[in-house]
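First subunit A sits with subunit B, and in the next complex the same chain sits with subunit C.
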Partner chain A sequence: MMKGKEKLLENLRYVFEPKSIAVFGASPTPGKLGNVVMKNLVLGEYAGKIYPVNPKYDEVLGHKCYGNVLRVKEKIDCAIVVTPAETVPKIINECGRMGVRGAVVLSGGFSEVGRNDLEEELAKAALRYNISLVGPNCLGIYNPYARVDSNFNPAYKSGRPGPGSISFITQSGAVGACTIDIAAHYGVGIAKFISYGNGSVLNEADYLEYLENDKQTKSIILYIEGAKDGRKLFEAMRKVNRKKPIVAMKAGKYGKAMKAAKSHTGNLAGNYLAYRAAFRQAKVTEAENFDEIFDFIRIFNQPLPRGRRVAVITNGGGMGVLTADALEMHGFSMPELEEKAKTTLRKMMPGYVNIENPLDLVGDAGVGAYEKAIELAMQDKNIDSLIIIVLYQTPRIDERILGVLTRASDDRRKPVAVISVGGSYTEEKRRVLEGYGVPTYAYPLAAVKALEKLTVYSEYRKTLK
Partner chain B sequence: MMKGKEKLLENLRYVFEPKSIAVFGASPTPGKLGNVVMKNLVLGEYAGKIYPVNPKYDEVLGHKCYGNVLRVKEKIDCAIVVTPAETVPKIINECGRMGVRGAVVLSGGFSEVGRNDLEEELAKAALRYNISLVGPNCLGIYNPYARVDSNFNPAYKSGRPGPGSISFITQSGAVGACTIDIAAHYGVGIAKFISYGNGSVLNEADYLEYLENDKQTKSIILYIEGAKDGRKLFEAMRKVNRKKPIVAMKAGKYGKAMKAAKSHTGNLAGNYLAYRAAFRQAKVTEAENFDEIFDFIRIFNQPLPRGRRVAVITNGGGMGVLTADALEMHGFSMPELEEKAKTTLRKMMPGYVNIENPLDLVGDAGVGAYEKAIELAMQDKNIDSLIIIVLYQTPRIDERILGVLTRASDDRRKPVAVISVGGSYTEEKRRVLEGYGVPTYAYPLAAVKALEKLTVYSEYRKTLK
Partner chain C sequence: MRDLPAFKLLKRYGFGLLPYSLAKNEKQAIEAAEKMGYPVAMKLISPQASHKTDVGGVRLDVKNHIGVKLVFKEFKSIARAKELGLGGVLVQRMARKGVELIIGGKRDEQFGSMIILGLGGIYVEIFRDISARLCPITRSDVEEMVNELKSHPVLLGARGKRGINLRALEDVMLKTCKLMEKENLKELDLNPVIFDEKGGDLVDVRMVK
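Showing the complex of A and B:
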């Protein structure tokens, strides 16, 4: 059995990097899932061969359409299936006979609606041929490196992120879709996206193991409602998290929500406290709420801080106060800067600037003041991390600040989080910074909570040495 | 003294609805505060007379500039002052002699940097002539109804909201500026914006009293670091909150942050627990964090719910699960719909839709399914409030949903909160809905926390009858 699982993990390469794909249920009709998936591949510039399969059509989006997959003469690496549940086990069996070793089943109608029989049949077919099957009842996968995309939400409504280093394992398609849409909006790249739904053949623990050795993946989001095998999940989390930080969220925590989760992917939503304990023991970063997933994962591209001493640099006094409140609430200190740094700042700044931490450069600070203050904080022996608040609304801040902040984030002596609060102009700048990998937050608490998670993870990593 | 205070409150009309404004320190140089303020008035289509005052210039932005205000022959209602602190008391004295009864002093350099002498001199001058003085050390005021705007952040960087019903009293200019910028981004209108900084003549309690009788104001945000007179603030909050809901936030809660607040507006940041107790006793809605301010205030345009029974309608199962988790955590129930509603839904929906609460219409729900489900929940005797989750990413949701959601929000039988999670396309729709007054949230917890605040306020209002 272990042998079989290894083979399945190995065969996931046919799912993520297929040289050819057959789309079962391909359709020329806009709005149909089989149409969206075809468009993803064709318009998304997937470089491999595409074989639509649907007895109703001769051609779909310019590709010859096959009435039956058995008629395809060339080798097929991966099957993407959107046909009704009843038809899927047979399709997987046929695929197996044809040598297909990867499959993504988007179709619903299995255990989540009580059809456990159909789901077992499906799993049996996949296991018989060692087919790595993602799903059923899911959004499938997205790999921007290979331009493979089974997300059936149209691209004009739901953005597709570019290549990056964050991977995403999600039980809920909707939650996964929303998150990568947000990632695309902010220009945050991803490595692999896996919506596994009912997870009848491969589950969260398997995908974690797969990502442990995935070259592009540097950090992992895990969104889970109910695992099939809690012990196995715990072991996988603990092992992978040592190398690649995991941000995990458990949904379906309480009564009604647990029930809703059950009818959602057919998996029992386990006891939340057990998951919470597992996250803590595995030293995995828990996101308690949805917004924290994206807030937390973005800061893990920063170097790990050596301690809890933070320098806050701001051009808005009130935002400095709010950040200081949040830092103190989360166990950080804001020590004074070293004497030499204070002397330099005193010489450089107008007399009405108080040389404190938070360092309020005041509303008429220009880009140069930030540049100098950041360099001093980077050098300062009293400081482990930097939080830089930039209110773009002030008259003297111009777009050169983006270069200064990007350099600070790329510096890698100390972790940096940026806070920028505001409307359209500010959001535009946030998107630019995120695109350059600068973790940028819409309000103080979000940045502080993220920095705390990074700091706790850093403390954990130190214990491993 | 009480007489004087009444006169000052009365004279605030010269600040908010002046027929003429003198700008002290007006400048033709882009980037200067005196230039931004002039541009606000000229480009913002302020309809009254504008008198720039600055001995250096003959003309500023096409308006005749005066070397001394005493040379202006016409009546001036309000003075906006951006000149150095030392010059301000004299200016206010001159204004007093000229019959000016409103003043907004943006200049810093008073008690926040230890110049209590200058601030006392300033207050004395204002009180001598019953001048309602906003500031000093602030962003001043914004009244979209009269197009008066002393915000010195350029309009292209910091949006200006249109007319609406939310008013905002803030001690921190930066926090205020960011909030109205966010409001503008989402098309949320405001009634009055007041950044009062050091508050040397009028303070938060006075502005609350003023807004109690302001026709355009229906709800109030109060952002405070440290009040001069806690008892007076408490009384004002309690009185005004009975009529118009107040969302209050106290910043500078802990050690370092309290110190930072002191050097920010020269006011001692009082003990947080005392403020927290005051908020609770006055039944004011507390925002503990910055993001909650805007999240909470927006839902107060909805009718007050009769109880804690919520219907959740969704097209994304996972988001329904997350919302259910948050509702249960916040003491809400999700009862079954009435039998007749369930029967109707069963007839109408495909067989794989489970008629539960949360009601998951599943990913291929169209606009019609939402319309029907919303109407049933509005009629349903088991339901007090509606949370409607719309994931715009799904293929079958189109823009007609915006009309359905706007009608639900305008319906006024029951309060409605919308949750929409995603990137660019979704954000665009959120902005449209907010512009029509539909409280729309970026993730489940934000909506649930807001609905909880509305529900608690509703429970309080019932006790008053």
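Showing the complex of A and C:
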């Protein structure tokens, strides 16, 4: 790797963990981007120093506002820029001279509207001073650990997730904004959020490399529309995915076919085929649609299964059958439990419970039955993963099940996925469990697909040893 | 690029080719056919006819010297009727019977050289049942590519039919990647390549630089 690139990756710490931030284009007027960004920092309890910069104002949200950044005498780690595109290259140059080494440019109006000249100028300025520049034309970054937030969507309209282990790299700001909101809704914590827009200085491959060594990041979502450099992306995916699982999605799959193609292959092989090839070869988990991104990534907090043998525990026979069908279809088996486990269960359960797999604890099962069945499946040598179906509609399931499921998910002997199908009461419980980091699904198929991805990744990791 | 120049390039990369010869007249065609053994395939070569089958310029399973003579005459009259320059007639030993595959290459703007595999005929035309990898590939990549095809039972053997020689398929695919990368080809069709349990025969090729 080039020396300059290493420096840029290193300097990303000024973006993600700045001790001080200057906001260019800060504004006291509600609704303006420069106002939202300021509010998000101030109300989000960012602990570092904030320097609003805007010649029009003396003060923004209680912070002294500077007409010119050169008048700030203290060290600035990061610049967040929302001013019109024409002004940005100059700002970055000034920042560079002052020793600022991180920048997030939210402003649009660059290559995406044909102003490649402005974008080149911007990149040149950043590279001259080794400034790690995120953007332009993006939502920027969110790091709940340092409470740094450049997302210009107001916090009251778009939730902000707490600290967690999932990082998210997205080319699209809109997709990023929605995902953040959904993550916050389900209480799923994140490590780093990066919306990189045009990616003129650092692109998807660079951010993957950065996250490879980020302590808080355990798994990565990559949402991409068009790579800046496909080969580099491929190499980065392959390298990082060995250590941290990546769930990748390519959007804009069916855009334009190769019109100029002269051969059969040329006609068959649209652009998406190359992405698909790259994902498969790098062994990253591909999400084929937006729903799957979230379904898949959530299960990657679980330990990797040793094989494809699943125990299904349920309090509703039909849902057990649906899950068994989905498992069969995805190449899983549901072997019988070990003899000693079956004996224990037989003694414990009412006579009308059939001791088989799926294990149907039946509709009047209480929390205790789940607890025992889960422990037996965890110990069982015939079992690699657990799918636990809890139908909250039944009379004897109460809040204590949440603790049982959370302990199962935290157990770490075997991966666990929970399925709960139902309406608003169920939905509420699903949210609580997600907040505790239990991968919970609204439908059998979603859970099984996710478990399959985890299992395939586990099989891949075994080949590395 | 097709036919002879393309064959020559393939040969340089170590592709095993069916014996072939370009005949300028009937006598040469018969000589070539006798040497390689019947049955043979005959293809009309003309700079103006890029789709040989469209002009009726392909004859398969020609079984003896009388047939060769007849086909050669036919090709001459086709060329005359369609006002095509006749560059000669390609005589090629008939390929084995087996599973017809398409192996292709493409230079992707973003990812560079890549290779695709599909079962020929309707599988690729209608179902678009293809798998792809970026070059270079390994033997285990080929194995995965085969398994990714929905039609993979046809390759691996089903309903009493033996599977194709996977080792031979791997060899062709590895060479294809090398060719794509070294020659920096824009597009490549090896279509069809016919495999049985013993090996494979490359029947037709088309390259775009």
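The working rule: the second predicted complex is superposed on the first by the 449 of 465 C-alpha atoms of A that agree within 3 Å, B and C clash if a C-alpha of one lies under 4 Å from a C-alpha of the other, contacts with A are read in each partner's own complex, and residues count from 1 in each chain.
Quick note on the criterion: a contact is a pair of C-beta atoms (placed from the backbone, for glycine too) under 8 Å apart; a residue touches a chain by one contact, two chains touch by 3 or more.
Note that the structure is a prediction, hence the values are computed from the model and not measured.
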Which superposed partner A:Ala274 touches (first subunit B, second subunit C, both, neither): second
First (subunit B), second (subunit C), both or neither touched by A:Leu8: neither
Touching partner for A:Glu225 - first (subunit B), second (subunit C), both, neither: first
Partner chain in contact with A:Leu202 - subunit B first, subunit C second, else both or neither: neither
Partner chain(s) touched by A:Phe234 [first = subunit B, second = subunit C, both, neither]: second
Partner chain in contact with A:Ile401 - subunit B first, subunit C second, else both or neither: neither
Which partner reaches more residues of subunit A (counting touched residues only), subunit B or subunit C: B
First (subunit B), second (subunit C), both or neither touched by A:Cys178: first
A:Ile313 touches, of subunit B and subunit C: first, second, both or neither? neither
Common interface residues of subunit A - those touching subunit B in one complex and subunit C in the other: 261, 263-265, 269
Subunit B - residues contacting subunit A, complex: 31-33, 36, 108-109, 113, 152-154, 156-159, 170-178, 181-186, 223, 225, 251-257, 259-261, 263-265, 269, 289-291, 315-322, 324-329, 334, 352, 354, 356-358, 360, 362-363, 391-396, 421-427, 442-446
Residue numbers on subunit A that touch subunit C, as the complex places them: 226-227, 229-231, 233-234, 261-266, 268-269, 271, 273-278, 280-281
Of all residues in subunit C, those that touch subunit A in their complex: 102, 104-106, 108-112, 114, 116, 118, 124, 128, 130-134, 137, 141, 144, 148, 186-189, 191, 206, 208
